[in-house]
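See the structures that follow.
The following pair of complexes shares a single chain, chain A, combined with chain B in the former and chain C in the latter.
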Partner chain A sequence: MKVWLLHLVLIAALFAAQFLLSPYHATNLARIMVLAVFAMGYNLAFGYTGLLSLGHALLFAAGMYAAGLSAQILGLTAGPALILGILGGGLLAAAVGLLALRTAGVSFMIVTLMFAQAGYLTILYFGATTGGDEGFTLPAASRSIAGFDLSTDTPRFLAALALFGAGLLASLAIVRSPFGRTMVAIRENEERSRMLGYNPFAIKLAALVISGLYVGAAGAAYALLFGYAGASFATIQYSILPMLYVLLGGAGTTLGPFLGAALMFALIEAASGLTSAYLFFVGAALVALVLFAPKGILGTIRERWVKWLP
Partner chain B sequence: MAFGPFLLLALMEGLVTSAVLALAAAGLSLVFGVMRVVNVAHGAFFMLGAVLAWAVATFVPGPPAVAFIAALAIAPLAVAALAAAADGLILKRLDYDPEATIVATIGLLYMIEQAALSLYGPNANPVQAPFEWRIQLPWFGYSGYKLFVVLAAALVLLALWAFMTRTKAGLIMRATQVDRTTARAFGINVDRVYMGTFALGAGLAALAGVLIVPISQAHYLMGGDPLLLSFIVVIIGGLGSLRGTLIAALVIGLSDGVISMFFTPTLAKILATLLVAMVLVFRPQGLFGAKA
Partner chain C sequence: MTNFANPTRRGLLMAGGAGLLTAALPGYVGAQAAPIKIGFQLHRTGIGASYGRWYERTAQAALKLINEGGGINGRPVEILFEDDATDPKRGSEVVDKLTQSDGCDVVMGTLFSHVVIGSAPRAGELKVPYLVCSEGYHVASGMLNRWTLQPGITDVRSQISSMAPWVSGNLGKKVTMIFPDFAFGHDHRDFFTAAMAAQGGEVIAQIAIPPTETSFTRYFPQIPAETEVLYHVMVGPAVLTFVKELGEFYGSGAKPQIFGFIDSLEAVDTATPGLEFLEGTHFWEAHNRVKPADAGEHEGHYREAVGVDDNGASISDAADVATYSHMFSTWETLFAIKAGMEAAGYAGPADRQKFVEAMEAMTDLPYGIERPQGAKVFNGKTHQVFGTQNISQVQGGKLVRVHSTKLEDGLYPDAVDYTTMSF
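Right, the complex of A and B next:
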């Protein structure tokens, strides 16, 4: 009960935040919430099922381009475009998973990395349609949902919050369900769960597809809310970012992805005020995290003090 | 130019790519083979070699040949020292856990690239070749320095092979590769072997970077393609097998030279990355690797 309450309080606090923050910070918070959905999807694969993928940028770009191109070429509005983005992420995750899940560990990381690289190059190769590195801005007409204009502050914030809230509660429901328990069982000991009669391949594939649905939704929302799609979102950097958020916030915690995304966003924001060398901080944060806090912030808190944290 | 000479030119260019690639990939393969560490920062070490070569060539007075020889000596050693420090400060503390080391080397990659951007700048800078000498073939003239690169890479790889198979240090490294626990039981200082291996691997990448810099300029992002290609070579050649790495470097380098002369390089890269993914999925021991 108190677990659900905690998550609802966070969503309510975020809803209240839009009245307190300046439009600039509110837009940043909307961005953080969309990135947190990205990280939540990554967390379901990495944090709960133990699938360390280096190719989630591919799924993010799949959602982004499925939504962006359908808005650009077919003239769809945000609702149908978002659904296409979610489906795009899920389908591509299923295709990648069917092949990549035949491998494990380091090979899995490299295979996903290679698929993502091939995806990035494919976007460049079809530059005439996708705009390549330059990308394209989404037509203003497509950026509306049920009559609300997503390019204005309040609807954008509420749309991001709705997506984030739905994603957060769904991920909580997933990890507390029997299926979520088997995901963790696979992460902890694949052989033993196989012996107990589970099919690890099917469970990992299902987890990866759910992860793809999340990441596709985040990519589509990013394009629709902020009005831009570009190949830079398919680069390896966007596979590393969700991993960084999840590691910072705490892998295998439901609130960790949001906490990590918010903290990292704030850190980069603060660092880029001081110096243009913000990538240095990203690198240093990665090294420091694996060295000193491999469980992340919430993972450490859960281990030490608050045992009931999901 | 007729088709024949054109193909010859493509093959010669491919041979130069193969030579540099074989050096870089041998370093990656060595580190993976002995330490079971996938070093994502390998491309950054390659880039550091090139950038340091530029720095040495800029600050050492005298003719280009002297500056180049100085760079050839200093840059790989400096990079090897950095790698040894990274091993002691980071990788060793992670107990060489495969997944944690990948994350850590990604962090290392970001830090090195950002440091290069901040200190060296976003421009690409050339380094003068140690000698200007062109071979005049009947159809076209060809840079003698490029042939020197092929020769130098072949000599270094030969030396590496002799080191691994004919010296006691090489024997110790191979023993550690086969079984680190037993090696430790026989009194081998595994930590030192690992540090040395990581430094040697990084030094080989840096050496490749120094050799390439008179042909293509030094730039802070130049490590991306060699990293990807080295991965491809090491995977196709079989992870941890030096002989397979060499064969794969030849195949990839030559086909890269030919394909990118006749087709668009982007399509070639797409096909190559997908091929590697498929090799890992369906033949994880590599195309030439004997054992899993």
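Right, the complex of A and C next:
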């Protein structure tokens, strides 16, 4: 009960934040919530199932382009475009998973990285449609949902919050379900779970597809809320970002992705205001994390003090 | 207790001093009028960093000159630089930060097109003028919005188109193009092929290099033997490898005429060992890196202000070659902002729309210290400026100007009329 309460309190606090924060910080919080959905998807694959992927940028881009292109070419509005984005992420995750899950560990990492790179080059190759490396801006008419203009502050914030809230509660439900337990069992000892009668391949594939649905939703939302789709979101950098968010916040914790995304965003924001060498601070923070809290912030808190944290 | 009836000498002195201070106060307050803040998205890190370094220096130099001349509308001007990491996501966040957190009046955008295209929607939402120096055709193509303008540099479509008459008339009619296989290269492919056809020439082969390529040797055998002109343009960290390998491919044997965009060698010394084969080849330059003998009167002052010697390198370090063909855009954009704000009587963010309208009303922009690259014409409908281009030949390891285009060579029909769009 207190677990659900904690998550609901966070969602309520975020809702209240829009009235307390300046428009600038509220917009940043909307960005953070979408990035947190990206990280939550990554966390389900990596944090809970042990699938160390370096190819999630491909799934983010799949969602972004499914939504962006359907808005631009078919003239869809944000609702249907978002659904296509979610499906795009899930379908591509299934296709990649069917092939990449034949490998494990470092090989899985490299194969997913290669798929993502192939996806990036595909976007460039079909530049006449995708806008290539330059990308394209989304038509203003497509950036509305139920009559609300997503290019304005309040609807954008609420849309990001709705996506984040739904994603957070669903991820909590998943990890506390029997299926979620088997994800963790496979992460901890794949052979033993196989011996117990589970099919690790099917469970890992399912986990990866769920991860893809999340990441596709985040990619689609990013395009629809901020008005741009581009190939830079398919580069390796965007495969590493959700990993950093998850590692910072705590892999295998439901709230870790949000905490990690928020802290990383705040760190860049604060450090770039102080010095042009702000990336040094980001690097230093990550080194400190590895040295003093290798399980991430919430992972460490759970280990030492709050055992019930999911 | 103070005795007002019998003032002491010290009391009188203090009262007089206070009076003098009070009298001086209005003047002091006036001189401290709140500065006009210009936000600047800077490629400080990422693939555009070598450009960013010089863009910052150039902008600082222009800022100094503007402030020495009394600022804008009598107010001092301040530039707030913020790294965009040459990334569209961060670029958009930076527009937000500069506008909403730092309170900038307008925002300047820098070179890489994807950052500009990724940031422009946010500038439109915030209704903040976004003045870019990206040379991309995306402004004049109508992709962006009424708040985005490019008043400081001719776009790539115009640059490329204006090269074709001279290339077909002086170097040859059969052209093979080598270009990066992404949007920037595709612009070159499409616009130059069309411009050559209009001149009675022909592009006989188009060799697209994948953007992840680090070695180019295997592409060179695809160059047809009947090629009269080899047209090359590359960007990114592998440019030096590209030109060196091209030199190794041809060796000292016969080679076609070679025409390149200086982007292939921006910030690279043409006298670098391995580049000897470039002797006699030609380059497009917007602004001549090596000071031409017949340079205009303002060229010397501009070079002095930005700290560049007559060879196009830093005054303090001859090995630090400037991104000379592009960086003037930040200088000219700042002076365009000054002109626009003065025409609009800009007093604060409430006048942003008036500023954009004043910019749209601009037409002739004559040569002067405000525009050291050359005279320009601004098209208010397409939000794009047009200027002249140069063709240089490598002579004795240095780029020597051999031709300047006419402004009309680069004009093309309008694809958009931003003035009909709402704010």
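What we mean here is this: the second predicted complex is superposed on the first by the 292 of 310 C-alpha atoms of A that agree within 3 Å, B and C clash if a C-alpha of one lies under 4 Å from a C-alpha of the other, contacts with A are read in each partner's own complex, and residues count from 1 in each chain.
Convention: a contact is a pair of C-beta atoms (placed from the backbone, for glycine too) under 8 Å apart; a residue touches a chain by one contact, two chains touch by 3 or more.
It should be emphasised that the depicted structure is a prediction, and the values quoted were computed from it without experimental measurement.
J.: According to the stated criteria, A:Tyr214 is in contact with first (chain B), second (chain C), both, or neither; which is it?
T.: In the superposition, A:Tyr214 touches no partner, neither chain B nor chain C.
J.: Check the residue A:Tyr24 against both partner chains and state whether it touches chain B (first), chain C (second), both, or neither.
T.: A:Tyr24: touches chain C, not chain B.
J.: For A:Ser107, is the partner it touches chain B (first), chain C (second), both, or none of the two (neither)?
T.: So A:Ser107 only meets chain B here.
J.: Kindly classify A:Phe280 by the partners it touches after superposition: chain B alone (first), chain C alone (second), both, or neither?
T.: Once the two structures are laid over each other on A, A:Phe280 reaches chain B alone.
J.: Which holds for A:Ser272: it touches chain B only (first), chain C only (second), both, or neither?
T.: So A:Ser272 only meets chain C here.
J.: So in the superposed three-chain picture, is A:Tyr125 touching just chain B, just chain C, both, or none of them (first/second/both/neither)?
T.: In the superposition, A:Tyr125 contacts both chain B and chain C.
J.: Does chain B (first) or chain C (second) touch A:Phe164, or do both, or does neither?
T.: neither
J.: Which parts of chain A are touched by chain B and by chain C alike?
T.: Correct list for chain A: 117, 121, 124-125, 276, 279.
J.: Quick one: in the complex, what on chain C touches chain A?
T.: 44-45, 81-83, 87-89, 92-93, 96-97, 100-101, 113-114, 117-118, 120-122, 125, 136, 138, 143-144, 181-184, 186, 210-212
J.: Enumerate the contact residues on chain A facing chain B in the complex.
T.: By the definition above, chain A touches chain B via 52, 54, 99-100, 102-103, 105-107, 109-111, 114-115, 117-118, 121-122, 124-125, 240, 243, 247, 276-277, 279-280, 282-287, 289-291, 294.
J.: Taking the touch rule as given, give the residues of chain B at its contact with chain A in the complex, in rising order.
T.: So the residues of chain B touching chain A come out as 38, 90, 93-94, 98-100, 102-104, 106-115, 117-118, 228, 231, 235, 264, 266-267, 269-270, 273-274, 276-278, 280-282, 284.
J.: Within their complex, state which residues of chain A touch chain C.
T.: Counting only chain A, the residues touching chain C are 22-24, 27-28, 31, 117, 121, 124-125, 127-128, 131-138, 151-152, 226-228, 230-233, 237, 269, 272, 276, 278-279.
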